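Read through the structure below, which is laid out as structure tokens, and then see the notes.
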Amino acid sequence: MKKIAIIMGSDSDWPVVQSAAETLQKLEISFEARVLSAHRTPLAAIEFARNARENGFGVIIAAAGRAAHLAGVLAGNTTLPVIGIPIGSVGLGGMDALLSTVQMPSGIPVATVAIDGASNAALLAAEMLALSDKRLETALDQMRADMATAVEKKNEKLQEKIQKISL
Amino acid sequence: MKKIAIIMGSDSDWPVVQSAAETLQKLEISFEARVLSAHRTPLAAIEFARNARENGFGVIIAAAGRAAHLAGVLAGNTTLPVIGIPIGSVGLGGMDALLSTVQMPSGIPVATVAIDGASNAALLAAEMLALSDKRLETALDQMRADMATAVEKKNEKLQEKIQKISL
Amino acid sequence: MKKIAIIMGSDSDWPVVQSAAETLQKLEISFEARVLSAHRTPLAAIEFARNARENGFGVIIAAAGRAAHLAGVLAGNTTLPVIGIPIGSVGLGGMDALLSTVQMPSGIPVATVAIDGASNAALLAAEMLALSDKRLETALDQMRADMATAVEKKNEKLQEKIQKISL
Amino acid sequence: MKKIAIIMGSDSDWPVVQSAAETLQKLEISFEARVLSAHRTPLAAIEFARNARENGFGVIIAAAGRAAHLAGVLAGNTTLPVIGIPIGSVGLGGMDALLSTVQMPSGIPVATVAIDGASNAALLAAEMLALSDKRLETALDQMRADMATAVEKKNEKLQEKIQKISL
Amino acid sequence: MKKIAIIMGSDSDWPVVQSAAETLQKLEISFEARVLSAHRTPLAAIEFARNARENGFGVIIAAAGRAAHLAGVLAGNTTLPVIGIPIGSVGLGGMDALLSTVQMPSGIPVATVAIDGASNAALLAAEMLALSDKRLETALDQMRADMATAVEKKNEKLQEKIQKISL
Amino acid sequence: MKKIAIIMGSDSDWPVVQSAAETLQKLEISFEARVLSAHRTPLAAIEFARNARENGFGVIIAAAGRAAHLAGVLAGNTTLPVIGIPIGSVGLGGMDALLSTVQMPSGIPVATVAIDGASNAALLAAEMLALSDKRLETALDQMRADMATAVEKKNEKLQEKIQKISL
Amino acid sequence: MKKIAIIMGSDSDWPVVQSAAETLQKLEISFEARVLSAHRTPLAAIEFARNARENGFGVIIAAAGRAAHLAGVLAGNTTLPVIGIPIGSVGLGGMDALLSTVQMPSGIPVATVAIDGASNAALLAAEMLALSDKRLETALDQMRADMATAVEKKNEKLQEKIQKISL
Amino acid sequence: MKKIAIIMGSDSDWPVVQSAAETLQKLEISFEARVLSAHRTPLAAIEFARNARENGFGVIIAAAGRAAHLAGVLAGNTTLPVIGIPIGSVGLGGMDALLSTVQMPSGIPVATVAIDGASNAALLAAEMLALSDKRLETALDQMRADMATAVEKKNEKLQEKIQKISL
């Protein structure tokens, strides 16, 4: 199975990005995480993207804040799917990062998820790999079933809270 | 090879969505396009998403404007990758559709592209299929090379325009 | 008298939604509160909406944050009035939830109240039931009279504060 | 059956508001439409709201643009449900009217629909009246069924459009 | 000399509005402050505005948050100048209150100051009264001179801070 | 009676600003209009503001678009009331001009009216002069009465439009 | 004297960017204009930036729309000053391009001018070169004097327009 | 070598602006910092700008919040390059200051950096001076090399964090 790359501009993004890694671990998908900067290490970033496919990567996840160019720059140097996570803890609450990530010009798509949506980025990458991986398909379906169960559990907790109020 | 589904809320979205279909045709990827509504035909939309994988689809592209729920509702009923195109010709210039499409809750990702970014949605779908399709991988690389050539052509045109000004 | 349904995507929304329940209690309107998700439990959500009228509900209140599809999805499956509360504690301060809730397409209305406006959602539901319930009409009028009195009380407090400053 | 009031600040709002009237006609709900201004005829507006219930109205629909105070001012003078339509053709594309209409303080709800969402305002009013009107309930259900059929028709048109492209 | 009225929707606005009162005291302008609500005490608010001129008021300052209708409603019932202060501590950081206050329809102006700009509201009221009050004109000029001096003092403090860094 | 100054950054602003002049003419208030730029003729702008009071002006109206500094710069050089009109035909639909005009720092107020709200700027200036001018007070009250009549006329027109639809 | 580079993502940006070229011609500053894309020709863009200084360039002007990465990517590969022009004719009226251009991370500045502010970009470049070029300094001062004269001319035109109205 | 001026509206801006001073110190560029206000000390601000070049300054950095006129007013009185820092800690999170600083009219450019982007303002000023200063050019290149190294260090830290999670 192909690996997932998780790229971020600084290790300070890790508290947000971490849940992407954890979701991949849960799904038993191997990944590598790296700090790379579209502006401070542009050649290293480009080189990474250009060699990603032959280095065994299937999907690249890139997280960046403010004028978030990282996902776009990586996408301009590979035809692997690139998923962008706009970081919301810096700049204008993530609105700047969202627009910088999603409003890509024709020809170079970035699959953008919600502001700080790191676990969804991992799930999206998994859905892509699952197109040719039966085990992963089953694992994703199982996760959905677990989510539905979790909603039911939350509903039970809610009933307790309401009971307290009504008494 | 798996098919791509292109879903839209109304046939009036077709002028924007059309370039997704054309891009898929250029890449020789088979697709089906359908009008389905998250609100007006909810059961049909859900049924479509639930059966999409076994009906031979690999990726679902969904286009919607304003409170654009279509991509999210489809994503909630399949673990196939779902790509969302926010439509900009109705509502608040696409800002409402963008936020309604991209800000999905944890567990249900939608791969969002730019407002009216239909051809990028198709390219993104192609990149996903190319993970296990060598011909498509080559075709996408060729498209990138053609883009670079097109930039050079535009540069030549620009030089002519400038010349006229300088004289 | 018909019951009110209060639906939320997670029990974590309860601190905001709670004041809707309290307002209904004050008005002696019976209600049921449930956790249901447009994306994680889509069939349960749809089924709830489809059966709501015959299960004795008169109005559905739905609270959700970010790409808030819950109210819209419920509204697409019932002709009971659906009231949407955009949650502001997640995402872009509630602007994403507001647009995702209010910008509904033609044919499927959602009666949207202010960001985190849970008590107003309950009052709006009560106003609807009061159309055929004289007791409720009187209770609502009384509440308005109490509000006017409360403003006068606040005015008295203000005069004390000003006095302290002037001295 | 109770009547619906459609209030607007100027007859220039009529092109947008007209579809509310047409939707009510289709549903055979009687209505009255009036120009009233929260700022230019404040006493007439207040008087209208205060007497609306005893004058046979069940729901008030109010349309206004920019600093859209009309719905809020009417809501402050009645406990009938008030539905607000933010007008988008003046001011900041309707964002100002939306916020001025929906962000009401606690105690005075306005049921806000989409920017220029006049027909949805009428449907919402109809849903409220249908709570105690079996004929209207059936008519609304029929309308939903017609919408689903219309989606299917649009889908057929789309297939024709696609055919032309593929040939 | 005419009095200034300071109107607010709740005594909870006082921490922001207080600096308007303090500025007026510094300028020896008499004022009255009151809690009045456009929605909860609409008749009292209108009556206040209608009688303000003959009750000796020259300018009305009104502070409100979210769908801030207070200044507009008062302005619709008097031809005294009305100054609006959008409150930023509730709602969307004051953007909703700003648009609801400033985007008034033609015919009914509200002189809007910055979000939470209470002291500027008082200064603006003073500038209006100073049009026919020589003492006030001199006092305002003196305040400006004091501001310039204060800037110079801040500059001296800055030099100390810089010195510490350079050493 | 004091004169009103109408200042704009370019004669291209005149189509918007013109209605301020017309409103003043209707109220028989004398005014002078001038092109002055905060950036291109800064000394002339400052000099104008510094001498405005002794040159017989009572209020300064300033219209500017984009980074609209004109009203603020004039306000920084006089204690006459300065009214700012944000121009909406350039830049970001007037949102940039609105924020640049209204968000003034403490000590230097600008009385901001709606985007392109030129006639309201004139009315606001008139309200200020009317504080010590009985004729103007009466004229403004008459204008309000005319507005109310105009609303009634618009209502009659609306009834005709509706009649056509109902037949 | 050093040359100015004017880089744009497509020759379709030329109608906006053209005024930068014209301003440089007026100031007799030599320039080269090129189409280069941060995403479609990433290596060419980087190579251009890396060699710009030794190729005789002093300042780089870069214009781009939507997720405008061009200026940032060039800035990441040179320590020459890079000036960014956000293009407003595509995407969200230029708000997306503005945020993508200006919100650069620490270490890699982009000198951002107004949306579509091409002539200002040229003037800013000229101001930089004028730091060591006496002729250019004088030329810029002259331009400012001409601007002041132009304002006076516009004022004369305005007086004519007003005269027509008053008669 | 020419000096840099760092101008701010209040010493309370120093915590943000400080990093501009520190960056200049690191690069051994001499600077002077001053509190000057576009509105409270307009003549001093204008005089400073008009004399800046002959007083040995090469670049002016100006920081201001809300309706941030400072950079624009300075730019209107000099042809030295003026760099604007929008301050984000007051007003609307810096969006108001950004638009007030960057949306300058044609003829008067302000080189705008990110909200609170003080160190980038200093780097940009350094890049301008480096056009005729070989030492500074080398120092800036060295800084970029150090940044790349820092990214590598952050990458190493990230690997440790990941290791802990995987174990």
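Note that the chains take the letters A, B, C, D, E, F, G and H in the order they are written out, and that residue 1 is the start of every chain.
The working rule: a residue touches a chain if its C-beta (ideal position, glycine included) is under 8 Å from a C-beta of that chain, and two chains touch if they have at least 3 such contacts.
Note that the coordinates shown come from a computational prediction; the quantities given were computed from them, not determined experimentally.
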Shortest contact path, subunit A to subunit G, counted in steps: 1
Neighbouring chains shared between subunit A and subunit F, ordered by label: G, H
Chain pair repeating A-G, as identified from A-C, D-E or B-D when over half of the contact pairs by residue number coincide: D-E
Taking each chain's C-alpha mean as its centre, the one farthest from subunit E: B
For subunit D paired with subunit G, centre-to-centre distance based on mean C-alpha positions, whole Å: 47
For subunit B paired with subunit E, centre-to-centre distance based on mean C-alpha positions, whole Å: 51
Chain centre separation (subunit B, subunit G; CA means) in Å: 33
Touching two or more other chains - residue numbers and ranges from subunit H: 37, 40, 66-67, 91-93, 95, 102-105, 107-108, 114-115, 144, 147
Touching pairs - complete list by chain label: A-B, A-C, A-G, A-H, B-C, B-D, B-G, C-D, C-E, D-E, D-F, E-F, E-H, F-G, F-H, G-H
Subunit E-facing residues of subunit C, complex: 93-95, 114-115, 144, 147-148, 150-152, 154-155, 157-159, 161-162, 165-166
Subunit C - residues contacting subunit A, complex: 8, 10-12, 14, 18, 21-22, 25, 33-37, 40-41, 44, 66-67, 91-93
Residues of subunit D defined as touching subunit E within the complex: 9, 37-40, 42-43, 46, 65-67, 69, 72-73, 75-77, 91-92, 95-96, 99-105, 107-108
Residues of subunit B defined as touching subunit A within the complex: 2, 53, 58-59, 79-81, 83, 98, 102-115, 117, 119-121, 123-124, 127-132, 137, 140-141, 143-144, 147
